[in-house]
Amino acid sequence: MPTQETLIPLSGWRRKLFVVIFEADTRAGRLFDLALIASILLSLVSVALESVASIRQSWGPQLKVLDWMFTILFTIEYVLRLICIHKPLRYARSFFGMVDLLSILPLYLGLFIPESRFLADIRVLRLLRMFRILKLTRYMGEAHELKRAMLASRRKILVFLVTVIVLVIILGTLMYVIEGEANGFTSIPIGIYWAIVTLTTVGFGDITPKTPLGQGLASLVMITGYGIIAVPTGIVTAEIARNTRATPTEDQSATRLCPHCFTEGHDRDARFCKHCGGTLPAPSRSN
Amino acid sequence: MPTQETLIPLSGWRRKLFVVIFEADTRAGRLFDLALIASILLSLVSVALESVASIRQSWGPQLKVLDWMFTILFTIEYVLRLICIHKPLRYARSFFGMVDLLSILPLYLGLFIPESRFLADIRVLRLLRMFRILKLTRYMGEAHELKRAMLASRRKILVFLVTVIVLVIILGTLMYVIEGEANGFTSIPIGIYWAIVTLTTVGFGDITPKTPLGQGLASLVMITGYGIIAVPTGIVTAEIARNTRATPTEDQSATRLCPHCFTEGHDRDARFCKHCGGTLPAPSRSN
Amino acid sequence: MPTQETLIPLSGWRRKLFVVIFEADTRAGRLFDLALIASILLSLVSVALESVASIRQSWGPQLKVLDWMFTILFTIEYVLRLICIHKPLRYARSFFGMVDLLSILPLYLGLFIPESRFLADIRVLRLLRMFRILKLTRYMGEAHELKRAMLASRRKILVFLVTVIVLVIILGTLMYVIEGEANGFTSIPIGIYWAIVTLTTVGFGDITPKTPLGQGLASLVMITGYGIIAVPTGIVTAEIARNTRATPTEDQSATRLCPHCFTEGHDRDARFCKHCGGTLPAPSRSN
Amino acid sequence: MPTQETLIPLSGWRRKLFVVIFEADTRAGRLFDLALIASILLSLVSVALESVASIRQSWGPQLKVLDWMFTILFTIEYVLRLICIHKPLRYARSFFGMVDLLSILPLYLGLFIPESRFLADIRVLRLLRMFRILKLTRYMGEAHELKRAMLASRRKILVFLVTVIVLVIILGTLMYVIEGEANGFTSIPIGIYWAIVTLTTVGFGDITPKTPLGQGLASLVMITGYGIIAVPTGIVTAEIARNTRATPTEDQSATRLCPHCFTEGHDRDARFCKHCGGTLPAPSRSN
């Protein structure tokens, strides 16, 4: 349990800022979220367009400017987050704090390091920031239900995956021995790669068996892959079917965030964080 | 509720025409529907054949004539629909009214605009007209059940799709960084396109990873895609399994259409539209 | 109901032959079935090997002889079937009678028609003869259960298939318009073929979109295809889950065949055919 | 029931060794298992790397040394297993005894037979040794549940597979007849191979139909394959859904092994093997 001094609630403009930036219960908070989603998506589109050679040649400088604009915008937002939160350092070290930093850092680092091409592509992690906002929506009930079904069947899925991996290693080695380097199976790892491509029914066709024996084994692999896809489906379906009876209750207050430990899911009438005991800001509905 | 004057029921030949063209309860109505389906399918076959270069060279003029014949036929039908319906303008602005117009317009516009090749292909939308007739069949119960299962699970499917899209964007960018332009991953959008092709187990093979690291990541993507296909299947299966207990009742009168507001699903003994209060034409079974 | 004279039961050696050839309740009958399955599979292997150019060159004459041997064997069997059955003509016109004839006819016709290559491949239909024997096994319970599940959901599957076909026609036309003949989409039928290849997640890669717009639409098609595969799976799963509660009863006497109308599924203690009223031969267990 | 003399329990250092090598209930036993898993995986990585041409050229001798080190290590382990077990011959003839031998034999044989390249790849079977250790973990409950679901539906899956195989043979022959050798369908077996590639939605694209008729039939095959994947999924799902109600009980003592007959699953308080009556070594938890 933290000491009392760390739990002094925020007040004044910092508190108002906190409610707007970190929560989604007020009109201003929702508007801020929408603006943020729009900025993230637009910045991603600009990053994606910049990677296309022909567009980079014609619109390079304009996209560069746009990129700096978004970076400065996100920098301001990052600073505001640090200011209005009670414990800036704890925020900076949290998962979303790291993601926020990673979305702005690459461009600044690029000023010092010349060949920052791969660095720049880290900006695509901005996408992860959207999950913070999605966490505040009423679709969380469904997401939690799916997550619960996945978690409940994670051990069965693990057993299934280990079996698949062992199968793929043995089949890949067999194909390497049967087909040999002349037919594209240049090594055991390539054979395993081919076995994964085939068993999962992806079938790129960049490497294909040429000998009758290889084609026979491939046929077996394909029919096996076609059959065992039923297993994960069966596992997850059985789990979801069991859960769909109980309907998830939508909790509007799921958008409240503890300013001390950044946990969510606090009840509407909660006054203290159930995880760290810190005081929660009141849910100010009117704005 | 509409005023009385707009609800004056059709009478005489216009009413008879209405029952034949818009409904499927009478023998004449069913014959009309069958003839219409046949015309639509034949006209589509002619459109498809015309697109094949070798056939266009040998049979071009004949197909042109056939095309005009169908267009004139559908024009007559469109005019008849406008005549026999109580509110022609409302019909013209309804979804199926638009589709009907779009199936005949391209050829007339092609007389004025020379390069109407792409315009002409809009004719394939004639296919949508078949749904109007399919709506009148007794397979509607099954269609509704599937639709209900899809609607009931639409939020879970949305959550799943958003996760897949985020995954695909991050994986596509990663592959672009790893493989680079030399191996076909020429830009981030192309990387995302590849990630979709791979995650959905389609696997065209037009772009494939060449580096060991890229093949390793691709293997991960494939196994993930193989595993998470279980999720939508589980969602829909659980929903259908819940619904299959209640058997859908077949309602023959589902083919009755209100001439005033174009709604369907009126009971066999209904005399007035349950949506707009307009008088429904009697279901004249004998013809 | 047939007249009495047609229902005179077979007797003497013809009856014994009937029990051996048409039924599987006696030891001789089971041995005959095993020998027949072996002959069918061997003859199919010889047909398949004959189609391989390199094998045909080295072993052509030997395979030719083998082929004639099997054909003569099946001819003798066909004649014996005609002899021991009560109504030879009715048998000859039944489904399996036709299949039996089609398995031996091609080679004889080949004597008169020189270019009988395609004719010869009709021999592969011999495979269908195996189903007659499989019908006599105790796996029929499972087959019936699967068939029942398929039949019970056939209307939902039909609705699903019609939707898929309409989707595929519209998407194929769209891709033809977007990509054009330069990128391999040479006609609307080819576009539809591509849409089927993509929507079913097969993904040959012989035709792939090249333009950004085409790749965008293709991405949509793939995600759609990935999602809607859940629908048939959900339909069939729900149906099978409903049926698995009741265990199918194994009926050993399912192998009894009426010599008059060739129907099966007669009870062990039945003396007359439940379909045509004809006398059934007694199930002679000892041999 | 075995005679008393064969059931004399091991004692002294051999018994201690037995508990460490064959069981996982003690700390030493668990450490031994972890070390073994690490050795197996490392030796497999070295086998896989050795198959890559570029790595073999630069690191060939080092990998050779590593390979011999692992082989000697596994040889020592094999000898220790023979020493500490009560009936060495029975162990040597058991499944895992054979796998253990096969993991070390190839390299020794390679000393006498020069071209041992394919022999060497048998070493990949070392992977199977991992299953012995996996058998000792608490994931066995899940594995058994999946196995039970598969076994319970094995007859339905067999019926399904036979139908798929018959379908594939007939479709492959048809495609061979339609497309012919000019379009890559060089023989009936190749046609069948193509049909499997297509029906299972793998779609390599190494062989694709070129004629309109062939593409039409291929479309049918693909839609069929897309539809019938629902069948195995439905079968397995229904079976798993039925089983998931009962939760498997985790039995820690599943890791105890009878030194006489090599059976597992003995209760924690069992003093004698429930299969052969032999004395079980006490589960020595402290070490």
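We just call them A, B, C and D in the order they show up, numbering each chain from 1.
Convention: contacts are C-beta pairs under 8 Å (C-beta built on N, C-alpha and C of every residue); 3 or more make two chains touch, one makes a residue touch a chain.
Computed from a prediction, not measured in an experiment: that's the story for all the values here.
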Same or different for chain A and chain D, when you check if over half of the residue numbers at their contact belong to both copies?
different
Among B-D, C-D or A-C, find the interface that matches B-C: by residue number, over half of the contact pairs should be common to both.
C-D
Rounded to the nearest 5 degrees, what is the angle of the rotation that puts chain C onto chain D, matching CA atoms?
90
Centroid of chain A to centroid of chain B, CA atoms only: how many Å?
34
If you average the Cα atoms of chain A and of chain C to get two centres, how far apart are those centres in Å?
48
Got the chain A residues that touch at least 2 other chains?
189, 192, 201-205, 229, 233, 235, 237, 239, 241
Chain C-facing residues of chain A, complex:
201-205, 233, 237
Using the touch rule from the top, collect the residues of chain C that touch chain B in their complex.
155-156, 158-160, 162, 166, 169-170, 173, 176-177, 181, 186-189, 192, 198, 201-205, 208, 212, 215, 218-219, 222-223, 225-227, 229-231, 233-235, 237-239, 241-242
Touching chain A in the complex: which residues of chain D?
44, 47-48, 51-53, 118, 121, 124-125, 127-128, 130-131, 134, 139, 142-143, 145-146, 149-150, 157, 161, 164, 189-190, 192-193, 196-197, 199-206, 229, 232-233, 235-237, 239-241, 244
